[in-house]
Every structure is written in C-alpha cells, then in structure tokens.
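Next come two complexes built around chain A: one with chain B, the other with chain C.
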Partner chain A sequence: MGAVFFQQLANGLVNGMGYVLIAVGLTLVFGVLRIVNFAHGEFYMLGSFATFFAMSLLGVHYIVAVLMATVVVAGVGVLANQVLFRPLRREHEFTILMVSLGLSLVLANGGELVFGADPKYISSPFADDAVELGSVFLTWQRIIVLVAASVLICLVYLFIRFTRMGKMMQATAQNREGAALSGVNIDWVHTYTFALACGLAAAAGALLGPTAVIFPTIGEWAVLKAFIVVVMGGLGSMGGAVAGGLILGIVEALGANYISIAFKDAIGYGIVVAVLLWRPAGLFAPRQ
Partner chain B sequence: MRRFVFPRAAAAGVAMLLLVPLAAVGSYFQHLLVMWMLFALMAVSLNIIVGYLGELSFGHAAFFGLGAYTSGMLTVFGGVPFWLCLIAAPLVSGAFGLAIGYASLRIKGPQFAILTLGFGAILHSVFLNWVDFTNGPLGITKISPPRIPLLGLEISGGIPYYYLVLFFLLVSAYLCRSLMRSRTGRAFIAVRENDMLATSLGIDVFRYKLLGFVAATMMVGVAGCLYAHYLKVITPGLFTLHYMAPMVIMVIIGGKGTVTGPIVGSLVYVALLEVLRASGSMRMLVFAVLLTLSVIFLPGGLVSLLPFWRGQRGGARQHD
Partner chain C sequence: MQFGIKRKSLFAFAASVALLAGATDGFAQAKPPVRLAAILPLSGAGTFEGQQGIEGMQAAAAIINDKGGILGGRKIEIIPYDDKSSPEEGVSAARRAIEQDKVDAIVGNMFSPIALAMKEVTRDKILHVALAPQHPKVTEEGHKWLFRLNETTIMRGGNFSKFICTKMNLKSVAILAINDDYGRSEAGNYGKWLQECGMQVKGTEFFQGTDTDFNVQLTKIRGLQTDAIYVAASATSQGATIYRQIRQLGYKGTVVASGGNMNPKLIELSGNSIEGVYSVSPYVEDVENPIAAAWRTEYAKRFKNATSFVAALSAAGLEVTAGAMDKAGTSTDYEKIAAAIRGNQWNTVLGDMKFNNIGQGFLASYIVQVKNGKITTTARAN
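What follows is the complex of A and B.
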C-alpha cells in the first residue's frame, strides 16, 4: 500500500515536471506577447523528432542530440515569430489564436509528411536501467527528466528575475507600451521569449521522448496538457504553471492507481474544472 | 437597400440548394452533397458561438459527438425509432451545453477556448474509455437509417437524405437570420463588440451568452444525430480536433457572423477535400495554410467578397 503510493507519487512527480516544462513556455508567451500559442505542442513534437533524427542520422550521443534539438527548435520558434506573429502584433487576439491554430495544423501535418506517420522510438542509453530509491523504482531517463526539468525551470526563473533581458520581459508583460516608451526593444523581447519558450518545449520533447514512442501528432497531446496546466495555474503566471503541472501529474498518477487507469485523463481534467469553478482565473492569476 | 436585396438572394440560394440534386449523377456525388449539408449544419451552429457571440469554443465537436452517440446508442442498444432520437440528441447535447456553458462562460477569450477544449477532452476520454457503456474505440456500428413511420419507407443514402438534412439546415439558417434581427440578436452583437458597454446598458451578458451557447450545442446535436444515421458508424473520434478543426476552418473561410458564410465554407471544404483526395496527408496542410491566409487577408471570409463582385462596397458585411 505505502510502496505503491510512493511509486505513483514519484511517477506523478516526473510526469508533472514534464508538464511544467511544456507549460512554462506557453505561459511565458502568453504573459509577454499576449499570444495563446496553439502551436506550442508542435515545438514539443519537433524537439522529440529533432532528437531522434540527430541520433539516427548524425549518430551523436543522446545528450548532444537533446542540446542540438533544443537550439534548432528555438531557432524555428524565432522564425515562426518573425514570419507570422510579429506582423500580426496589432491584430485582435482571436485572429492570432486562429493563426496559431493554422500553424499548429501546418506543423503537425507537415511533420506527418516529412517524418512519416509511424511511431518512432528515441533509444536513450538511460531508458533501460532502473534505480531503486527505497521502495521506489525509476529509470535513469525519468530521473534525468526530473533533474533537468527542475534545473531548467530554476534557470528560467533566475533569468527572468535577475538579468537585464528578463527584467525587460517582465516590463513588457506588465505594460507593453510603457516598456516601449522606457526604451525596451519590444522586438528583441519577443524574439527572446519565443526562443526561450520553444526551446523549453523542445527540451521537454527531447527529454520525455524516450519514455514513450513519438509520432507527429503528439503535439496535440502536449498542447492540451499544457493548456490545462496553465489555465489551472493562471495564464501568464510561472508559479501557476509549476503548481498546475505538478498537481496534474500527481492527480493523474494517483487517480490512475486508485480509481481507474482508463479514466486517468478525465480525472486530471476534472480537477482542472473543479479548480476553475472555484477560481475562474486560475490558482495564481496575475493581476491584469 | 440590404433589406431589399437579401430576400431575393436568399430565395435564389434556397432554390439552388433545392435543385442541386437534379444535377447530381452518381451515388458518390450524392454522398458528397449529403456530407456538405451535414458539415454546413455543424458550421452554422458553431457560427452562433464564433460569429455572433464572438467566443471561440473548441469543445463544439464534443457536442456533435454527444448528439451522434445519444442517437446511435438509443437506436442500436434501445431500438428507439429515429424520430425520437432526433428529439433526444439535441436535448442531451443541450443539457451538457447548459452545464458546460454555465461553468465556462464566466471566463472569456483564450481562456474560454482552452476550457472548452478541456471539457471536450473529458467527454472524449469518457466515451473512449467507458467501454461497457459506449463500446470504446470500436464505436457504435449498424445504426439503422431513418424510417418514415406510417409508410415504412427508409430514408437512406443519396438524394432523400440530402433533402432531410437540407430541411434542418434551412430551418437552422432561418432561425439564425431571425435571431440576428431580433432584440436578442442585437444583444448578442452588443456583447460581442463590447461586453462592458453591453453590461452597462443592462444586458445580462452571461445569460445571453449561455442562451447562444445552448442553442448552438442543441443545433450541433441534431447534426450529430443526422450524421450517425447517415454514416451508420460512429467512433469517439467525433469528439476530437479531427472534427473541430474542420468546423473552425469552414466558419472562418466562409465568413463568420453571416448566415451564408458557414454554408459556403463547408462547400469549399467538402469540394477541396475531394479535389485533394489523391494528395493524402497534404490535404490538412492545404487547409491549414488556407485557414491562416484567410484569417490574415480575408477576415470576413469568402462571402465578404460577394458585394465586391456586385460592385456595391457599401454592404460588405451583413451583420457588422
């Protein structure tokens, strides 16, 4: 009983940190650029496929492939921002949401065309060996997810809190015109934010990829989970994304174990609905 | 001027819709016409939320699925006749629409879109995984076609089904048009354009939004019922983005906030789907690009081009 509980808690924590890693980018892009990016999940998908192809075509080590995927997909994100979102900055949020949905469909279907629809497996060298921590078993891959995600989230937090660019991002999030008037280069802030967000999504895809098979429509799953997390935590709040991701991961894992594994997803969404009925703007909604 | 022009145009449009099947040779072409009608009904209902209320619901496919499953399960498991299913489907969809709308219409904009996406995902997950109740991923098969009670005639396939769905499409389109000319419709527009101002004028924004949302979910419940009895096979895939994305594409490409826009949009969708059939997964790519271009360059949709053809720039938008 106790052993199963702790095992599920650990599984939930790992999954939850994965959700956090995807969701933080989504919430950053919303907070700073006011864009609800439907295509965010596709950057997760691109991250996992970039890792797969870096390993299979270039023959590099998994760790190197993860880093390459992160950088390349961050670049793709910057490109998407320059080509699509930057020219539309003054448009209605509805237009931008639709455009991001269009981009998401383009990337998912384009991915299916280029990568093939069949599932692929990233053969990480850490996926097979398990570690025993007391009564809890975890593969090295899952421990890497936990550690890497925690480190990345801390780094992003420190970046936003203490660096010059991070402070400019905060200023833009609070008041775009005001920030621009005080000399903040909004274009650069947007570019950095997009690079950061897409890089994080790609890193999530690269790290979580080996824990299951990957396929081109996986982005739909990723963006749905990330949406659920950020809506629960409060759109635009980083603390909310962390809390929301961990809650969702742990509730899903415990619900799967104690209630029904088939309704794992429904239980997770049910929690979100309960939270939103109690606080419609989310747990940590930033002041508007 | 619009008052004078529109009824004549509408009459011409209806006459065209009534006569189209005469030109339809071959059962495949007839099948496409029925699919057009079904998609049009879905798009018209989504348009109430997207075009009139100005909110984006990503859960609309779930209500479509609810209507289809209500109808399919009643028919196959309970032996209930089609006409009763046709009443039950919108009631079930509408009841869920009321509950979900009540919970999610307190928030608006992107959060609302995401929340409805979440509700849709819950329903999908339940219908996919509750195997004892819904048959799970296998779906419901062998749904019998509608039967006319006294004559014992079956309405199946091709032209008869086209007219059946067309009837509901025309009723829905007419309801939408009357709605938008009523006080309630004007209240919808006020809510869409500026909800703060609407509130200050004494419009109960939440109530009107809920009204529109429930009406739209009931309408798509009817579409689900008609879909189930036409294709005879339904799966939990109906609840997902695979049906949601096309609906959004049809409304946006055709022209949101107009009566004819969604019908034109669904025609374009069904036609392009056929033209591009050979290109396999390129199809959705083309639609995605079309959606993106349409949103950016033609926010009024295809129907906003019509006045330019007629050379009357003044009446460019019907309901704005």
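What follows is the complex of A and C.
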C-alpha cells in the first residue's frame, strides 16, 4: 500500500514538473505578448527531435544535444516571432490566435514530412537505469527531469525578477504603451520572451523525450496539458504555472490509482472546472 | 473546445486538397486504373501503422502493375485517406471515397473502432476489405461485401491463451490494455480464458490512445506482484514506451504482447526491455514463402522501414482484392467479386488464405518470442 502510494507520488511529481516546464513558456508568452500560442506544443516536439538528430547525425552526447536543441529551438522561436507575430502585433487577438494555430499545423505536418511518421527513441544513457529509493523506482532520466526543471524554473524566475531585461518584461506585461513611452524597447522584450518560452519548451521536449518515444504529433498532447495547467494557475502567472503543473501531475497519478485510471484525463479537466468556478481568473491570477 | 473544431476542419481541408492533387494522377494512362481507397491512420497514435500499411500496399501494387495490372491491362492506383486514428474521421473519409471520388473499392482499417463505424457507411454499397482490426463484430455484424483478413481476438486468443497456460509456467497475470473496442475485448477475453485454465488474473488496467506515460498504470500493476503482464497495445509508439517503462519500474516477471503487435520497429524502439517478450503473429520472416520474399525485395527497394505484420496484412488485402477483381472480370460488380473472394484460396505474402461466409479470413499463425533482438518463431499457433 505504502509502496504504491510513494511510487505514484514520485510519478506525479516527475510528470508534474514536465508540465510545469512546458506551461511556464506558454504563460510567459501570454503574459508579456498577449499571444495565446497554440504552436507552443510544436516547439516541445521540435526540442525532442532536435535532440534526437543532434545525437544521431552529429554523434554528440545526450547532455550536449539537450543544450544544442534548447538553443536552436529558441532561435526558431525568435524567427517565428519576427516573421509571423511581430508584423501582426497590432491586429485583433483572434487573427494572432489563428496564425499560431496555422503555425502549429505547419510545424506538426512539416515534422511528419521531414522527420518521418515513424516513432523515434532518444537514446539517453540515463533512460533505463533506475535508482531504488526504498520501494520507489526512478530512472536517472526522471531524476534529471526533476532537477533540471527545478533549476531552469529558478533561473527564469531570477532572470525576470532581477535583470534589466526581466524588469522590462514585467513592465511590458503590466502596460505595453506605458513601458514603450518610458523607453522600453518592446521589440527586444518580445524577442527575449519568445526565445525564453520556446527554449523552455524545447528543453522540456529534450528532457522528457527519452521517457517515452517521440513522433511529430506529440506537440498536441503537450499543448493540451500546458493549457490545463495555465488556465488552472491563472493566465500569465508563473507561480500559477508551477503550482498548477505540480497539482495536475500529482492529482492525476493519485486519482488514477485510487479512483480510476479511466478518469485520468477527466481528473485534469475536473480540477480546471472546479478552480474556475471558485476563482474564475485562476489560482494565482495577477491582479488586474 | 471551439479551437479543437477549427483544428479538425483545417485538417480536413488540407486532406481534401491533397486528395484532389492525388486524384488527377491517373489521367495519362490508356486504360483507366482500378482505384482503391486506402483508408488508414496517417496521423495520431497509429501513424506508423498507417504508413506501413500504405507502403505494404504500394509494394504489392507495384508487383502486380509491373506484370501488366489486372482486368486486361488496368493498373492499380492506391488513393490514401487519413482516418486520423479516429472513428468519426474514418467514416467521413469513407463517405468522401464513395460519394466524391467514386473509388472502386475500399481497402483499409488498422483499428477496430474505426472499422466498426466505417462498415455502416460501406454496408451494401461498396467492397470493403478490412485489414488489421481484430474485434469479432467487424465480420459477425458485417455485410455481404465486407471481408476481414486478420484473425479475430477470439480466434487468435483461443490458441494463444492455451499456449500461455500450458507452456509458460505462470500462476498469475495482470492485464494492461488500450481503452478502446479492441483493448476492452482483449482484456475481457483473456481475463476469462486465463482464469478458466487455472491462472489467477489479479487486475486489469486501461490506458488512453493519447497517453504517452504509463507509469501510473504500471505502478498499480507492479503492486499486484504477478508472474506476468499481458499487454494489449495496438500502436507501436505506445507499445515501445510500455515495454521500457515495465523494466524501468523494476518489474522482473514475464511479459506477453497481444497478438499481431510485434514488429521490428517495436524492437528497435524498446531496446533490451522487449527481450524475451512472447507474442503470436501470422507474419514471420523465418518461414519460407516466395511471394513474401519477392514482396520484401520490392518493399526494400522503395521504403526505409523494415516489413512488419501490418505491412504484410495490407499487401495481402490488396492481393486478394486485385486477384478477385481479375477473376470476376470486373472492378465494380461487387456481387461477383465477393463470390470470387469466398470461392477461392489465395496465395498471399501471408501464405495461403481463405474466407468463410461472413467474410472472415483464415491464415496460419505462429507463436513468436524476441530473442537477441530478433522475432523468432517457436511454434505454429493454429
């Protein structure tokens, strides 16, 4: 009984940390740029495939591949922002939303064309060796997910809180016109935010990739979970994304174990409905 | 939710544009081609199976076309449709194929839920050759022009469960199955059969077709401390993750894969964790068959993937359809074509094959086990 409980808690914690890593980027882009980015999941997918190809084509070590994937996909994010979102900044929110939806389709279907539809496996050296902590089995890969995600989230928090660029991001999130008037370069803020968000999504793909197999449509799954987390935590709130992700992961695992696995996905949506009824703007919504 | 609908209709639009482009290919030929709709999962969890199905059919069609085609020189043209691994999309693809594109026949289906929904659209309208679905009702509640190549869960399971009970020396088992028509019937049947022959079935867990992590289910199963886990996963992408995660959680018992779900890609993706896993399959490469050998050569010339059971099944479906049209002397008189399918024995890439009154196919199948990363035949299963 105890063994199963602690194992499920560990499962939930690792899955939840993965959700956090994906959701933080989504919430950042919404908070700063006011863009609901449906293509966010595809950057997760690109991160996992970039890792796979860095390892298989360039022959680099998994850790190096993760870093390369993060940087490259952050660059792709900057490009997407320059080409698609920047010119449309003054358009209606719905237009931008449709563009992000279009981008997600292009990236997912383009992925099938370029990478092939067959599933692939990122052969991380940490994927199969498990550590026994009492009755809990965790692979090194899952421990890396936990540690790396925690470190990344802390770094992003420190960046936003204490650096000049981070403060400009906060200013832009609070009032775009006001920030621009007081000399904040909005273009740079948007570029940085996109790079950060897409880099985080890519890192999530690179870290979680070896815990399962990857295929070009995994982005759909990622963005769906991230949306649940972000809506639950409050759109635009980083603390909300962290809390929301961990809650979702742990409740899914424990709920599936003690209630019914058939309800695993329903549990996620159930919490969202409950939270929205109780606090319509999300658990940690920034005050308007 | 609103956005989900938008996304779907965009997909449908893109798919129909692709279809229009594909449909114009045939004009250059002197005699009109025989046009077969291949309705398969080309996106979603079953993408890889769908891709292998298309490839298997294309390799088989190339062999027939190189010999001059059928019906006095008509080439076979395969028109792919994406069922997106979902019954609704399968139904709409079948409607498009019949009503707009006016194809000669439908050859397709990897998964039971889609075949079960689609057969109501094809009922008494068009020849429908279902490939891989295993749910008994596909043929039991089929129609006069519906055929199914794969064995049903009942046919295959009867033999396989006997083997598990008598030859594998196991006392208890837990079942992990996909939560759809196929997985639920597998779980129900094996639960019953294994119990009947004296094994203790300690638990059954299900996962969704969209899941990418199975630790939650497997943790629950590990807690039951059984001698074996029976896994019914129809998509390679999910199967591979399951076999890895079973070992990652420290489970040391025997693992059995449901019938027809063992292929080289699965072994490549699962690595060492699939070593020793048992399954039952009608397609094995270490049993002699010249038709299969020629098809494998053609397949290797055209595609990167290794051949698999679903690819072979799709090739056999095309061979039977084309062969029956040729024998019946028509590509649209379904009464005659159906009579030809029922009345003959077919030499296919899966060996000799026959069909009964309700359109159910019969083929040889084998007990296999993964040994040193290879699918090895250990015994004939039927």
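Heads up, the rule we're going with is that the second predicted complex is superposed on the first by the 288 of 288 C-alpha atoms of A that agree within 3 Å, B and C clash if a C-alpha of one lies under 4 Å from a C-alpha of the other, contacts with A are read in each partner's own complex, and residues count from 1 in each chain.
Keep this in mind: a contact is a pair of C-beta atoms (placed from the backbone, for glycine too) under 8 Å apart; a residue touches a chain by one contact, two chains touch by 3 or more.
Keep in mind it's a predicted model, so treat the numbers as computed, not measured.
Student: Clash or fit: chain B and chain C on chain A?
Tutor: clash
Student: Just to be sure I read the superposition right, which of the two partners does A:Phe215 touch: chain B = first, chain C = second, or both, or neither?
Tutor: second
Student: Thinking of the overlay built on chain A, is A:Val106 touched by chain B (first), by chain C (second), by both, or by neither?
Tutor: first
Student: Figure out whether A:Ala117 sits in contact with chain B (first) or chain C (second), or with both, or with neither.
Tutor: both
Student: After lining up the shared chain so the two structures overlap, which partner does A:Gln7 touch, if you call chain B first and chain C second: first, second, both or neither?
Tutor: second
Student: Would you check which partner chain A:Glu42 touches, where first means chain B only, second means chain C only, and both and neither mean what they say?
Tutor: So A:Glu42 meets neither chain B nor chain C here.
Student: Just checking: does A:Ala256 make contact with chain B only, chain C only, both, or neither of them? Give me first, second, both or neither.
Tutor: second
Student: Determine, under the contact definition given at the top, whether A:Leu235 touches first (chain B), second (chain C), both, or neither.
Tutor: first
Student: Classify the contacts of A:Glu132 with the two partner chains as first (chain B alone), second (chain C alone), both, or neither.
Tutor: The answer is second: A:Glu132 touches chain C but not chain B.
Student: Touching A:Gly270, do we find chain B (first), chain C (second), both, or neither?
Tutor: first
Student: Would you mind checking which of 25-33, 97-105 or 187-195 on chain C runs into chain B after superposing?
Tutor: So the stretch of chain C that bumps into chain B is 97-105.
Student: Of the residues on chain A, which ones does chain B touch that chain C also touches?
Tutor: Correct list for chain A: 97, 101-102, 105, 109, 112, 117, 262, 265.
Student: Enumerate the contact residues on chain A facing chain C in the complex.
Tutor: Where chain A meets chain C, its residues are 3-4, 7-8, 11-12, 15, 38, 97, 101-102, 105, 109, 112, 116-121, 123, 127-128, 130, 132, 137, 139, 211-213, 215-218, 221, 252-253, 256-257, 261-262, 264-265.
Student: Where on chain C is chain A touching in the complex?
Tutor: Against chain A, chain C makes touches at 3, 6-7, 10-11, 14, 42-44, 47-48, 50-51, 179, 205-208, 210-213, 215-217, 219-220, 222-223, 236-237, 240-241, 244, 247-250, 265, 268-269, 271-273, 304-305.
Student: Could you pull out which chain A residues touch chain B in their complex?
Tutor: Listed in rising order, the residues of chain A that touch chain B are 30, 36, 84, 88, 93-95, 97-99, 101-106, 108-110, 112-113, 117, 220, 224, 227-228, 230-231, 235, 260, 262-263, 265-266, 269-270, 272-273, 276-277, 280-281.
Student: Using the touch definition from the top, list the residues of chain B that touch chain A in their complex.
Tutor: 54, 56, 103-104, 106-107, 109-111, 113-115, 117-119, 121-122, 125-126, 129-131, 241, 245, 248, 252, 281-285, 287-289, 291-292, 295-296, 299
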